[in-house]
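Each of the next two complexes has subunit A plus one more chain, namely subunit B in the first and subunit C in the second.
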Partner chain A sequence: MTTVVEPAKAAKPRRRATDNKWVQRAIVWGALLVIYELLAIALGDFYLATIEDIVGGFIQVVEDGRLKTVGESLEHLLVGFALAAAVGIPTGVAMGRSFIVDSVVGMYVRGLFVTSLAALLPLLIILFGVGFKFQVAVVFLFSVFFVIVNAAAGARDVPRNLIRTGEAFCVSPLRRFTSIVLPSSLPYIVVGLRLAIANAYTGMVLAELWVGVGTGGILKNMGQNRDLPKFFAMVVLITALAAFSSHLIRVLERRLMPWADEVRA
Partner chain B sequence: MFLELDSVGRTFVLERRKHTEELCVLEGITFGVAEGSFVAICGPSGCGKSTLLRLIHGLQQPDTGEIRVRGERVLGPSLDRGMVFQHHNLMPWRTVVRNVELGLEALKLPKAKARKRAELWLEKVGLSDFAGYYPAQLSGGMQQRVGLARALAIDPQMLLMDEPFGALDAQTRVLLQEELERIWEANAKTVVFITHDIEEALFLADRVLVMSARPGRVIADITVDAARPRREQWRAAPEFAQLKGDIWKLLRDGQHEALLEGVGK
Partner chain C sequence: MTAQRRNAFLLRAGSLLAFLAIWQWYGSDPIHFATPPPTDVFPALWEGLTEGGLLKSTAGTLLTLSVGLVISIFFGLIIGFAVALFPWARNTIDPLIDAAYAMPVTMLIPVIGVYTGLDFRGRVFIVITYVLLVIVISTSTGVRDVPRDLLETGRAFGLRGRELWRAVILPSAMAHIASGISTGVARGIRGAITAELLLIAADLGAYILDAQARLLTDQLLAGILWTLLLGYVLYAAALWLERRLLRWRTLGDLS
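Showing the complex of A and B:
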């Protein structure tokens, strides 16, 4: 005798407002803002600026036309980052796929990757002056190694099975590269780009702080004049821009790798 | 003979810390396969049966002897031979239908024609509805069927299967064996099928070659005379059990020797 098991009536999960990730975020961030505000009031405006002061500072920053300076800095950032991607991705993939390339350039890449690049700033000033070229060079150096190291790891990790499958189905070496090696390394490359853009911002601000121009120069002045509301407004602005750039690359990732997304769902 | 192996041998050189060790995997393998027949090669794990299949495909070259297909020496992979791997080896970034098209790209078929052919084979393995899915969204049995469709789509003269159902659960394996028999009957290609599963070999093949443990040699050549289509009746026949017992005895004796050899060292 066989009995058919009745499917148990699925308990309907109760929907709570706190299940929504935006509600969760609002609660946590709201609490943090309240704590900050209380701290700012307790410590006084010599150490911290209250939130309404920061908002006021932001309006002043806009009125002073500082956004144009920030835009110029972003231009350096973009040029440096684009160069880093253009140089870093091919170099990294070549390192990952070729023993020779790895033994020739790998040593320098790994060496510079762990070097404090800030220590190289004086040398860069000697080489490039303090203008456009210098800013771009710093951004480039701060981001390129993340791109290279990750792209190399991705290219090294291409499953041998898949390459052998390509051989078995007579896929030409060039096609094997474009249709197996590259898509397989893509997730690593994107991670590299995301780490790189975050570091590119660090590089941008650091280079400007060092020579006292652009966005970094403004921050330096505001800090020295204890113009805290404006100073905090600028810091928040740059942080938001960096987070937004990283998010843009994530969007790009979803576009480029639909298979990863559909698998997740 | 359609496929001929003439005293084929293969030795691997293992790099140990201080010395190199030679591992003789295959020794003096000689047999022929008639066109349109289904041959299973059955042997204990590690006896070199997968290596043998790779040699037949041309992915690797034998150290001694030679392999000929229609009198021509095998020197590399060719689209005349379709390979189905133990692990499905599908490209995760390609949809099911694009995976089936992999071998068709090297055939330089026009896109529309290739797509049509891929869809036809997907239909034959019962996966028409999943053409747009990614491999990770399919079950193990479905993934293996895509692998089969990919190998059949290039319309090879010979199908080489390397334990294709080894990683599947028992029920799925039986279903796929029946499906393979059906497809094979409709297309009558020469098949060389590697397995360690005696029942699988007996169910599918016209001829079972039994291999010894390392170094792999052919120790028995058993003809399986059973009317086709076989279906489930053949599995239940007394002759089936008889042959199964014979092969099991051969394998066990071989295994026993190998084990004793290991103790002697």
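Showing the complex of A and C:
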């Protein structure tokens, strides 16, 4: 038995353990962590926090009840993001389907989409104060244009032959909209929402850093006191939350819209 | 087609006029002191440009942006090529890039000063954090996604190794890289302005913050308007340059 199997095995190109991507990841990521740890020890705790300190910092952050503050910030984020979706999706779809809407609002949307919105913060503070409204407004501004631009692209790319077919079968305009235009632009809208939530986090942090409240306020304090273990723990936490939110939208998309990949291809 | 173009132009012009009219009507009401009307803002903008140092601030911002861009492009190309060419690098760096992309980098502003200083270097560093990843991603996708038929054609003509790179892979990747750089310009100006507003007041950020602190709302709006326009114009210019430099791509395009 063995004599038969052996030569067949030898004929295959030899697979090394290092071809496995998880082995490679373990090696490289492990090396990066070790380098970071050595660097942190060498530079001292004023410059970097060692990994065990960051873990300790995370436990302290939880014990200090900071998670509640993060939760409150997330509420602002959700309100702003929901507003952005509620305003952005209809605007974007209208822009994609109507030449007039596109000409009238398109230039503002595209202009603000590419430019530096942070410059608007001083004006927003004067208009809204430093409380809830300000933070929601910043999150809204940072996310809404991603929703609009992508929704417009989706609505524009609805396959023309589908619409023609609908017209040929005398499908009413409303029905055409709900059963042709929306389903085929939804995948684009979802991409827009994912980009938007990532930017909503940036907006949230920016607004809170500016006025020194909420999660951003905590970060600002920890940074000023050089409380780096807690600071880095917070950074990791928020990055994980941002990545998770984006991932959640993708999972929901797969569940609710199995045709999405087909449309995108 | 020309009729449609004319209509689009008329609609845009009308929309802009309507916007200015509403702004004028809204801003003239003394209750809305925070938003002075365009008839106050545009003279303030003119004054800022001619004698108020707005141009000098703009030059400072542009310097930060361009230094950050050059550094990002240099390292972005290196990392991007490495990720595209070596499976090891792809398997290990790709997920790290995704994770870094999810991170709101503005969070790091409270601690960046200690490593880079609060001045020019700090601002350039923030620009790099905004731009680098875009360049890396566009480079690696550009190199990886060379259309197969182009590669096959190149091979059929006997090109190998370096020749194949020069004649097929690099030109094809160039389109991705160039659009990555355009996006990089847009993100870079955001990074520069954010840094100037939040790290320490400087250049255009200082101009805006100064107006805010003195409650000179016309000057504040002028500064904001100028900054928004600057970002838009820079991105439009980058796009124009990108199309212009890559014009040869469409010359022989028969499809």
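Methods note: the second predicted complex is superposed on the first by the 226 of 265 C-alpha atoms of A that agree within 3 Å, B and C clash if a C-alpha of one lies under 4 Å from a C-alpha of the other, contacts with A are read in each partner's own complex, and residues count from 1 in each chain.
The rule we apply is simple: a residue touches a chain if its C-beta (ideal position, glycine included) is under 8 Å from a C-beta of that chain, and two chains touch if they have at least 3 such contacts.
Not measured: the values here are computed from a predicted model.
Partner contacting the larger number of subunit A residues, of subunit B and subunit C: C.
After overlaying the two complexes on the shared chain, residue contacts for A:A153 are found with neither subunit B nor subunit C.
Contacts of A:V79 after superposition: neither subunit B nor subunit C is touched. Of the two partner chains, neither subunit B nor subunit C is touched by A:I249.
By the touch criterion stated above, A:T165 is placed in contact with subunit B alone, subunit C being left untouched. Of the two partner chains placed by superposition, only subunit C is touched by A:L209; subunit B is not. Of the two partner chains, subunit C is the only one touched by A:F46; subunit B is not. Judged by the touch definition given at the top, the superposed model places A:M257 against subunit B, while subunit C stays out of reach.
On the side of subunit C, the complex with subunit A involves touching residues 4, 7-8, 11-12, 14-16, 19, 34-35, 88, 91-93, 95-96, 98-99, 101-111, 114-115, 186, 189-190, 192-194, 197-198, 204-205, 208-209, 211-212, 217, 220-221, 223-224, 227-232, 235. Of all the residues in subunit B, the ones that touch subunit A in their complex are 57, 59, 77-79, 83, 85, 87, 89, 91-95, 102-103, 105-106, 134, 136-137, 150, 154. Considering their complex, residues 161-162, 164-172, 175, 179-180, 183-184, 186, 257, 259, 262-263 of subunit A touch subunit B.
Against subunit C, the residues of subunit A that register as touching in their complex are 21, 24-25, 27-29, 46-47, 99-100, 103-105, 107-108, 111-112, 114-123, 125-127, 198, 201-202, 204-206, 209-210, 216, 219-220, 222-224, 226, 228, 231, 234-235, 238-239, 242-243, 246.
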